[in-house]
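Shared chain: subunit A. Partners: subunit B in the first complex, subunit C in the second.
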Partner chain A sequence: MSTDHWHASDDLAARYADGTLPEADAWSLERHLERCGGCAQRVSAAVRQLPAPALVLAEVREAVLAQAVPSEVREPSTVLAEAVASEVREPSTMLAEAVPSEVREPSTMLAEAAASEVREASTAPPAPRARLWSSFLARPLWAAGPAVRGAWLPAVLLVALGALALAYGAGVDGARPLLLAAAPVVPVLGVALSYGPHADPLHEIAAATPSGGLRLLLTRTVAVLAVSLPSLTLAGLLLPASGAPGAAAWLLPGLALTLATLTLAGYVGCRAAAAVTGGGWLCAVPVPALASSADAPLTRLTEQLSLVLDGPLAQGAWATAAVLCAAALAAGRSAYRMERP
Partner chain B sequence: MSTIRVTGLHVRHRRTVALDSVDLDLGPGVHGLLGPNGAGKTSLIRVLATVAAPNGGRVELLGDDVADHRRRAAVRRRLGYLPQEFGFYPGFTVREFVAYMAWLKEMPAAGTPAAVERAVARVGLADRIDTKVKTLSGGMVRRVGIAQAIVNDPQVLLLDEPTAGLDPEQRMEFRALLRELGTSSTVVVSTHLVEDVAAACTEVTLVESGRIAYRGTPASLTELGASADGVGDHPIERGYTAALRAHRASAATPEGAAR
Partner chain C sequence: MKLFRPMRGHGESDTDAALLRAVADGDAAALATLYDRHAGWLHARLTRRCADPEVAREVLQDTFVTVWRSAAGHRGGEAGGWLWTIAARRLVDARRVQERAARVETAPMDVLGAEAPSAEERVLAGLEFGDVGTALDRISPELREVLRATVVDGLTTREAARLLGIPEGTVKTRAMRARAELRAALAQLSPTPTPAPAGGPA
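Moving on, here comes the complex of A and B:
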């Protein structure tokens, strides 16, 4: 048991739980909890009495916002922030969690993850480096636009898991070509659902902020790419090759199409731009292959994909296209001015 | 000292003229923007909020031309805007929503938590700060909108129908907040409620058919109501209708003369 000459009172435990305990006292309490099971239980009970998960999530967010002054971040919240951060930093874990249930919001997931960590948090005090993690949490959370918060995220998972189910569940030979044909459209759709009055309920007020316009769209596009590039490539790697190009072959076309969408969006809006680029890819690659030859559409699709994706020439062309689109975006960024009334 | 300077402003929605050669000079204080539906109040506020670009004319906020995109970000950091309608992400609590807006306004992260709590307390929602926005009533959502507009202590604050959906007691509190905000910043409030203007505004601008119909103070508008014949239960309401009629009559005259 404890070698300390004191124990945590109920009042102290309550103040620790609701975060009103001064930082120095919180630290010394935590050091004490490492050695004293009785006090750990009492503090744990106090934490459980909080109206979780709402308050807990609020605490997490508060910790995130206080990132610039790490010394002011209180301990209980940093533990949670660390728990959440580890969830965020492990996209596959996060995605795997979201799969079995219906469409859940990232914030709900985080709240649950945080709430489940509360009990352990109070018995196992955090290492000081916990505060470091909270700073990693801020950007991804705020930067995730409506696409990553909404229905697009489950759609990405559906594509990835659908391909796996086709290959291993239904025994379809040719799941990887199908995935490669669909993958470049996924980030394009993410862009379409990230910005503009139709996609973002906050658009009107966000447009009046310094972040509004191209900057916010770019931040959200990064979030979209951060989710879709690894998950779809990973799914592709898990699929049998079936003679199709490599699982990473779609990355440059996906990037080029995304940049083309951003370039066009300044002039015609995100939805129309995505319809042009995503629709263009679909009409150019999978649709003719799947529609033309009735006997072996998947073989045709594989040939078609090899033509546009395989080899240094094709990949070099996509890389050039991506660079040109980026240059066009930089040159035409003034198109992202204020909207016309 | 004028913080908002508008010259020769033209705004069209397709082929309808929303604002027609509007000149406006506003300094610190609370400016009531009155006018019938479709007069151009919302068009004016959206242009001032740098959300919509005008078809012609010049808008200067805090001394900077907002058409210059290099200056615009700096102006927007000192801007607060409450649109007539706004949405929110369903999972956000009041605190998260206002903090997110603070992030979009590029407020320094260190001061944000305190600024968020202060803004939420100023609109009287301190006890609801950790409630989800979607569970709040319409009037409370409106107050959350006001909180996000004032979180960065803006020097130019644009509020489109902020009192819609507020009950009488909340309106009283809101007027007090307006008066307080108006001591340091330029507040433009569009409203249908003439009594809001009488109670909270230092100046009145009346918009009609895309033009400025009247400029003065609540006192001068009340005076106009006492001398001219207008419809209304309250002197300032009579002043409002009298000023509108006078503007319509003078707008009709040049056309009649030209015929």
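Moving on, here comes the complex of A and C:
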């Protein structure tokens, strides 16, 4: 069992057990015990010969074996049943609740302690497969922020599906201009719902973390864009053109408005910033068109949208605006260090 | 109190490795046999390293509870060494908890110089046993403690620092001084080899 050419004598074992063996001999023996099972048994037996260690060893043995319940018995219900049974077995403990704990029998307290420890151990085992899968789904959803897991996601789907329903269900000619007019506001609203005490019940905690502030807001904005850009553009592609600009024409304005919202949010908060940018877009493009000419509002809206979205000049202007807003955001990122409602 | 299963079926014949495999399969009787074989010397060894008997007892219990839960992690090797590794880590953890309870601010000492050659390893491995014993008796208890933690118990500098409740830098300087003193003591001894002491496992 061992490669050593010596083994512990009974005398050596006894002197190690009672602690009188000099340090150097003890070290040597200790290293030997790690490799030699026979000597380990001999020394353990010698330790058990002494009254004080023997008592401790017996008590620890009981405590260890009380926790070493075979795994199939580790179900909480079984443990609970055992605990109940052990209490019922001794009539005196029926009154345990009414009796102060000092008066209880030590054995009962030990049983209770052991049972509670076993119960704790039984709650520890790894998550079952079902929980694992749901956590795969729940974690990214949770990490994506309050907007994507909250009411905003249904709102995006409602806009996209509503446009399709208008075009093909109700036969409205000009659903794409309506969608293009509404689309840039959608990610802006997502940003508004992504960060701040009004949006996130965990905001106080999230803001105090090292990744709080702009970094977290940017992460959540990416989630918002990842949901809204494809779904709204896809919906636009499925709609009849009816003279409006292409389905992807809203992407750059949407991006520019989102970045403008982020820039402003550092100073005035997400909600106010989104109100400014989103409201600005609505006031500038669709509202005048829909309000001014009562006879053909959709035609007017299409013209208006063509003006602000169509052509390299308009798109170039939006791209420039997006870049400028990104630069302003980078320059003003220190505004996020101050927490605002 | 009948929380225990009847323990039967593991005699003297089973090797420690077989017992550990049985423990990994959830056999409480195997754990009991393993406990009877090893708890005694582990307790004695822990008691030599820990003045508080209550802590030694808790560490012993933690050790075997850990064995019960993670016996499957045993990768062959000697069971005794594996058990001591667990016990030593548990002891360090217990010290850390204690330390947190009563934290003492100590200024870290400067770590000096380069690594000396591992004198103690050479010494413990090769030289006459009586020589080492005498040399070890000559160095101060603090230095001996550090040597024991780092060389015999196989702890890292950080773990030894936690175990002994001193800064890591102090462990390093003491280990270095211990080497130097051991070397000096051995240099004085080696010209006249002494026979091994009567009870010693020579």
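Simple rule for what comes next: the second predicted complex is superposed on the first by the 195 of 341 C-alpha atoms of A that agree within 3 Å, B and C clash if a C-alpha of one lies under 4 Å from a C-alpha of the other, contacts with A are read in each partner's own complex, and residues count from 1 in each chain.
Please note the rule applied: a residue touches a chain if its C-beta (ideal position, glycine included) is under 8 Å from a C-beta of that chain, and two chains touch if they have at least 3 such contacts.
Predicted model only: the values in this text are computed from it and were never measured.
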item: Which superposed partner A:44 touches (first subunit B, second subunit C, both, neither); value: second
item: Which superposed partner A:209 touches (first subunit B, second subunit C, both, neither); value: first
item: If touched residues of subunit A are counted for subunit B and for subunit C, the larger one; value: C
item: Contacts of A:306 with subunit B and subunit C, given as first, second, both or neither; value: neither
item: Common ground on subunit A, meaning residues reached by subunit C in one complex and by subunit B in the other; value: 57, 61-62, 65-69, 107
item: Sites on subunit B touched by subunit A in the complex; value: 11-13, 18, 43, 46-47, 49-55, 69, 72-74, 76-77, 79, 81-83, 85-93, 95-96, 99-101, 103-106, 108-110, 112-113, 116, 129-132, 145, 148
item: Subunit B contact footprint on subunit A (complex, rising order); value: 54-55, 57-58, 61-62, 65-69, 105-108, 138, 142, 146, 149, 200-212, 216, 334, 337-341
item: For the subunit C and subunit A complex, residues of the former touching the latter; value: 1-5, 7, 15-16, 26-28, 31-32, 35-41, 43-45, 47-48, 53, 57, 60-61, 64-65, 68-69, 78-81, 84, 124, 129, 132-133, 136-137, 144, 148, 151-152, 197, 199-202
item: Complex contacts: residues of subunit A adjacent to subunit C; value: 6-9, 11-12, 15-17, 19, 21-37, 40-41, 43-48, 53, 56-57, 59-72, 82, 86, 89, 107, 110-111, 114-115, 118, 121
